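Chain nomenclature is as follows: A, B, C, D and E, assigned in order of appearance, with residue numbering initiated at 1 for each chain independently.
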Amino acid sequence: MMTNRFLILVPILFPLLCGLAVAFAPALQAGSRRRPFVLFSLGGTFLSTICVLLLLRGHSLHLCDLAPSIELRFAVDEITCFFAGLGSFMWLMSGIFSMEYMQHETNHTRFYAFFLMGEASMLGVTLSANYPTLYLCFEWMTLLTLPLVFHIQSEESIQAGIKYLLYSFAGAFAGLMGIPFLAKYGTTLNFVHGGVLDPLLTEGHEGLLLAVAFAAILGFGAKTGLFPLHAWLPAAHPVAPAPASALLSGVVTKAGVIAILRVIYYLFGAQFLAGTWVQTALLTISLLTVFMGSSMAFRENIFKKRLAYSTVSQVSYILFGIFLMNDTALEGSLLHVLCHSLAKGGIFLCAGTIIYKTDKTDVRQLRGIGKEMPVVLWCFTLCSLALVGIPPMSGFMSKWYLALGSLENGFPVISWLGPVILLISAILTAGYLLPITIHGFFPGADFDYSTLVKKDPTLWILVPLLILTTLAAFTLFPQPFMALVENTTEAIIGGMLS
Amino acid sequence: MKLFLILPILLPMAAGALSAWLPLPSPKKRDGFIACAVILNSLLILLLILLKPSGILTLLHLTDSIVLSLRLDGLSVVFLGLIGFLWPLASFYAFEYMEHEENLPRFFAFYTMSYGITAGVALSANLITMYFFYELLTLVTVPLVAHEEDHRAMRAARKYILYSIGGAALSFVGIMMLYSRAGAKDYIFGGFAPVGEVDSYLLIAYLLTFIGFGVKAAIFPLHGWLPSAGVAPTPVTALLHAVAVVKSGVFASIRSTWFAFGPELLFGTWAQHAALFLSAFTILFGSAMALREQHWKRRLAYSTVSNLSYILFGSCLMTSAGLSAALSHMLFHGIMKITLFFCAGTVLCKTGREYVPQTEGLGRKMPLTFATYLIAGLALTGTPLLPGYISKTNLLTAAAQLNDPYALFGIVSLLLSALLTAAYLLPMSVRAYIVPEGSSLSFTEKDRDPGLRMLIPFGILILAMVIFGVHSGPLMDALSTLVHG
Amino acid sequence: MGSNLFFNYFEATAVIVFGIGFTILFLDRNLIKKVIGFNFMDSAIFLFLASNGYISGRVSPIFEDGVTAAEHYINPVPAGLVLTGIVVSVSVTAFLLALVVRLYLRYHTLEMDEIVALSRKEADE
Amino acid sequence: MKQPSRNVARFVNWVEGEEVFPVPEEAERNQKPRKKKAPVKAKPASPEKEKRIFALVYDGISVVVCLTVILTLLVTVSWLPRFGGQDNPAENEVYIRYLEGELEEAGAINAVAGMILDYRAFDTLGESNVLFIAVCSVIILLRADRNRKTGALNIPELENRRALQPDDSIFRGSAALLVPIGILFGIYVILNGHLSAGGGFSGGAIIGASLILYANACGPEKFERAFTFRTYQWISFFALMTYTLLKTYSFYTGANHLESHIPLGTPGAILSSGLILPLNICVGLVVACTMYAFYSLFSKGGFGNGQ
Amino acid sequence: MNLVQNFPFFCIMLYLAGGVTCCVLTPKASRAVCIGLNLLVTALMAAALAFTVRSGESYVYLMGHFPAPWGNEIRIGPLETLMGTAFPLVMTLTLLGGMDHIFEDVEEDKINLYFTVVNLLMVSMLALVLTNDIFTGYVFVEINTIASCALVMLKYKSGKALVATTRYLIMSLLGSGLFLIGIIILYNITGHLLMEPMREKIHELYLSGNYAFPLTVTVGLFAVGLSLKSALWPFSAWLPDAHASATAASSGILSGLVIKSYMILLLKIFYRVLGMEVVLSTGVLNVLFVFGIGAMLFGSLHALQERDIKRMLAYSSVAQAGYIFAGFGLGTAEGVLAGCIQILVHAVTKPMLFSAAGGFMTVSGGSRQFSDLHGAGRRDILSGIAFTVGALSMIGIPLFAGFATKLVLTRASLATAGWKCVAALSAIVLSTVLNALYYIPAVALLFDKREAVHISGVKAQPSAVYVLSLTVFMALNFFVGLRSSLLTCILEAGLNVFS
């Protein structure tokens, strides 16, 4: 059964090779042949990922040793299944969307090459089984998604790209801080369920290790837009083309979440961090980000910038759940990962379509858009409901669990302050998403229907939109999803606490 | 067998001297002569490394106890390997680059002679011989720095002389202090200074040698000469200030720390703390200055200042892990930095652009050069799959081993410096390729990729980087075995 | 302060003259005065030296008709030294005066400061 | 005295001289402009007031130097052994041997002559060479060059000084009387150097003085025909050469403990006390010629037309 | 008493005779006599050196029939013979190096006097090194003074030379005046003039404690007098003018040899006459040490700002004299050894530098200013190389002579404890840097491509003699640099038997 262990690499190598082929193979330069090839490669990746997740669960592969102490190791465990599937699915959807959308843009080869290679690195992050490999894939994800940011080559996009690069590198280097100390105080650098710290060695050095953990988490938090290193997100996401920004918000932020999960639950161990000043600090920061993100989004008028700020706050919901470190909160946050990826992906795609069709970037110009593009706006409305957390959509379920988890936790202030802030932020989310729908559908009296032109997009755009919107309401038929979430939570946190 | 030790020193010096005097008809012939001399010497070094002749070859008795002698041991193999590998590349690059410069015979004479003397520094068997070659290296490289003989070059040369001779004098006093206490002995792994109780006399001696050799390794207060020596032609800055001269400073410092004073004596003492603090601070200072500097080659020079202190920091940790990390960074930095200098030099030689803001959009015209520059930049920043990451991780792990506040400060400064390196290297490459539509950029037809003779070194260097980046296991094992003598 | 100051009144005067001569030679600005100062100094030294050898109640060391008892004569060594000293000081004074003559012929002044100033102004040949 | 701070600043600038390279303007961002220090204006003191202050200070210093030298030496003198004391340290075995052993070893009646020409002969040899080198230097300085044009000394004053010879008869008459007596007395003093006070140096001086008197009184023409520069050179050459050779012989025999067969003769007789007499004659010749040479060089810049 | 032991005495007498004969010969003949004599003396002294080194102890040579306290004598040991060999050898080379300058600067019919002065200067130096009697020392100090002043003033056309000679003569006379009165006081309190008997008397006085004050004053007088004559820093105002305005050969002789003979006399007086414990008790060595350190720094600082090549070299002589006195001032045997080595090293290097400077002047229209000397090294390549070798050895680069001093002086200062060690070490480092600061730009300037417009293109045709002297000088420099262990052991043997 030796061969099948190498199959783990397929989800990473396949998109990588396809990306390189798109970039360099002369045959694929022509648009007509490139589009089917891209679709084929995205679909192939999605399928291969699903197969690997199902078949090779629990297997690990020690690829090679970069240096005596640094080894590359990949494995499929519960987090991989959850995130890899989600990620590859989202990549497929936005890939399909981009077929149509890219007519609007130039130099497609570069876009698609890095689009595919970005997916490879994202899957690498999910599949990595020890700290150095995680760090490697993390860095290469930044580098490979960078060209997507400054794709439109405007001065603003280049500056945003450089800002994105430097912030992620800052975060990555802070994350790198963990490796040496774990090499000294931990038994191994591989992810071990429940943490690798060797109690004997860490006897007198808790303070130091806590600081290192805090730095690592804040470092990896940069990708998720956590407070200290969040400034790049509102700048980078809007300038990227729609499919890219959808992925950046939807999936790349989740890579940061994976890293933080690994650091907390698989490296330092939840018992080590629970109840310490690190946990309280992280909780306060995440709540601060939640509140700040939604208030900034509320005041922002440029459509995609508003959505970027909303990503900042939504991802902090997830982090809040993770930092609470109990099973219900974790369940809530994993649910919110699903909800946010699907919904935010959908919303960004809608926004992209609107801009693609009508070139209106400012929110205030969107009066009566519902009339021109009813289907798109319906999808937009449903997804925003999911984000706001109105019952039929998934957002409500995750926020519910998060609130329960926060109350269960015994923290003096944060246990009740958490739900309050979640509530306020939900209201603010509604405040900045729903007016678009309202103005879109009810333009008011003076809207002259005569010049109205139906601008509904082609199927390439509508199909992914509809799929995402329906999925965003997965809580209608929660059974499969809830099962997935529960056993993932059980796998991550089971048996550790309480 | 021992006699072979003198050859790598004498051969290039003889070749250099001859090339200046022999009435070679055409520059091409002279280039050929120099090329074969350099290659021959590199092969000789390779032979020496493989054969590893043991025993000490004494050259001269200065006084009864002080003797000039040569020996090949683990550490010198590393340094010899580095210069043996890089010097032919640099020479090839120099042939192409120096075509339009004048008084070349003198340039190539001194250029080749410095090869021999750097080999001398590597092969020396005790502190005084190393000091002896160290001083000669200053003398031989002064004409190279002052090659253009214009006002700027002379000023840079004068500053170079002042710092180097000042540093050498300091280290000489340190060496003599050590000799007065421990007797004029040869190198032994683990040092020959009397361990006993911690006496501040030897610690002061160590600090003097550290600062003395630190001048060439561009330690913070005494780094001034390296950026201003950027005025020299690129082969000089690339080879000498990225590899030979500064590396001999670092090599000398490692030798004096590990083979003369010995880690047992210095471990945990205030001297080690001072050395750690100084190198850690230089790491930060160098990168910060590099970020602020707009002149391209001075920026790379400041980056060398910071990277050299990586190596010093590693060696000052006084643990074998630290030393092997330092040695690995010495090798990798040599390769990475020489590539960066070559790219900068090619752009300067082809387009005459010296300042970073002027390189915007040049990537489209010189894709290969800037591709190499991007890869080397990524390597230096420490992105995985490239050598920078490996040596940086080793350094961090080694520093984390000893729970010492200064080592912690070192770790923080290493990471901050990595960020600053990213800040001063990567945006440049981004802006070179990606140019906003509206901007009006004037390009002459000269702005295109250099000839084949320059591209070959680029190719070889990138290959070396990727190989070391991905598969540096055997190299690291070799280093750790060397470290144990 | 020793006890013999008032007994060694010859050496005391010699020393005072020596001090004056030394200072004149060292610090005076006129060349001729310097030469005079030098002679002051030398003759003071010879006085000091001669008074050294003197033993009261004894005769100069030229033997009268075969009397060679040492207690009869004074110490001859200082006398010999004075002789050498005088010849040395004569020759040095001659040399100094020759220099002064040449300097005067060239700069027509005897003040050392002016001579130095003039020589500095002269274009270097 | 330059202010030291300006010096140090200049030194630092000179070394650290951060040259601002010719930078195209848009790369100007990080070069700080170097601000010029305001030049320090010295208070314009009037020159002669300054000179007076300087003179005052100068005299003050010289008084201080003089006093310090005198005081230290006076205190030293106060500690020295008493003047004319019997048992001074100087009256040790050296003094006794010189006096008692002098007759047998040197054979000179005049113990001082014996001491300077036999016991401590090396000093006297050196000392006559001091005389010789002094004459050489004076010749270098004052002797007018034979081919007048290049010599720096063909200065008009020297020329007309020859002309003003006073020809008053009284002076010439008394000189005619004194010169022979002087020379005779000089010869006597030289020859009796080892028997009575005097010796080569004092006799030579007397002869030299009478020669100068003669040259002055009877005009240089006649005398200088006989006594030209060449004759001077050869006389001093022979005298010094014999002196050195004699002394080499005596030192060599002394050092190697050989018996130097120089007869001491009977004390008191003219031809007694070994080498002292010939040495006295040589020294006398040298000193006489040197005195005359000094006179002629200083007065006429050379030995008359005979050069 | 085999023949070899007479050689030093013969050398002295030969020089005296040579001095006198040169006065009557023609210029060409007197040159031949002088050079021949110097070579002969070098050979004789080398034989004497071999003998003393083999026998390993110093013997006394009676000047006359009478032993110690009565007669006069000279004392010959390994140190004295080594200096005795080195001085005439360097003198020959300097004369050969500066020969064409001598025939150009000195008036035609006074050249034989030049060689007379040179011979008498050599006799005085040799006597100072060998003599064992203080008053003989004084007599030969006087010969030395007059001869060296005569050497300075021989550049007849320049008024500057005369002024410099006068100032030099006056300062020297002050020095010898103090020296003489010191001798007389010593004679007064000890009754002897010869060094060994005087030593015993002083030892008794030191133990018994009487005449303590006169003894200290004498030590002070000797120290001030002789350091005044050997241009120790605070008293060195006269040296730059004197050495710069003389001809190339004379300045080489003055810097290289003359000031060294006084140092050896001072060393002899401290070692042999007063004895180390008396000198140490008076603390005069600390004063000399401080002045030495001052000389090392201020000499170089002045040289730094000098725009005239010969004045720069003269100031650098002041700095190097500082090395020697710092060595003596350390007060230990190894310190004195360092001082002696520096005497030899400087004697070998500085005359070469002055001859090379002379060569540059001939090629740059006789001007001494650096502004005219641009590219002079290119025009006269041999002087250029010689100057570079000299400069590098002054800085103390290994492989060159200067490094030997730096090595031994550092070891010596490390052996002493406390403030002296720190001061010496920092002075060494600082002066190395300062030396580098003014020598290397000078070398760079000499090899500069941009030549002064009115001089460029003048190619030098050096005479065979000049080429020979510079090459031998360079060989000597490398020999001292590489084989300094040979010199150190001879000097060590010499110092052991010196007192």
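Please note the rule applied: contacts are C-beta pairs under 8 Å (C-beta built on N, C-alpha and C of every residue); 3 or more make two chains touch, one makes a residue touch a chain.
Computed from a prediction, not measured in an experiment: that's the story for all the values here.
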Request  = From chain D, count the fewest steps through touching chains until chain E is reached.
outcome  = 1
Ask   = Closest chain to the protein CA centroid?
value = B
Task = Identify the chain pair with more contacting C-beta pairs: A-B or B-E.
result = A-B
Task = Round to the nearest whole Å and give the separation of the Cα centres of chain C and chain E.
result = 28
Ask   = Using CA atom averages as chain centres, what separation in Å is found between chain A and chain C?
value = 105
Key: Separation of chain A from chain E, taking each centre as the mean of its C-alpha atoms, in whole Å   = 85
Query = Measuring from the mean C-alpha position of chain C to the mean C-alpha position of chain D, what distance in angstrom results?
reply = 11
Note = chain C residues touching 2+ other chains are 2, 18, 22, 26, 52, 77-78, 84, 88, 91-92, 95, 99, 102
Key: Touching two or more other chains - residue numbers and ranges from chain D   = 15, 73, 75-76, 79-81, 88, 90-91, 94-95, 98, 120, 123, 127, 130, 133-134, 137, 141
Message = Can you pull out the residues of chain A that are in contact with at least two other chains?
response = none
Task = Spell out the residues on chain B that touch chain A in their complex, using ranges where they run on.
result = 328, 378, 381-385, 389-390, 392-394, 396-401, 403, 408, 411, 415-416, 418-419, 422-423, 426-427, 430-431, 434-439, 469-473, 476-477, 480
Inquiry  = List the residues on chain D that touch chain C in their complex, please.
reply    = 58, 61-62, 65-67, 69-70, 73-86, 88, 90-91, 94-96, 98-100, 102-103, 109-112, 115-116, 120, 123-124, 127-128, 130-131, 133-135, 137-138, 141-142, 153, 155, 157, 196-197, 199, 201, 267, 294, 297-298
Ask   = Where on chain E does chain C make contact in their complex?
value = 135, 139, 142, 145-146, 149, 153, 157-160, 162-163, 165-166, 169-170, 173-174, 177-178, 180-181, 184, 187-188, 193, 213, 366-368
Query = If you look only at chain B, which of its residues touch chain E in the complex?
reply = 60-64, 66, 131-132, 135-136, 139, 142, 146, 149, 154, 157-158, 161-162, 165-166, 169-170, 172-173, 176-177, 179-180
Request  = Report the residues of chain C in contact with chain E in the complex, numbered from low to high.
outcome  = 2, 18, 22, 25-26, 31, 34, 38, 41-42, 45, 48-49, 52, 77-78, 81, 84-85, 88, 91-92, 95-96, 99-100, 102-103, 106-107, 112, 115-116, 118-119, 122, 124-125
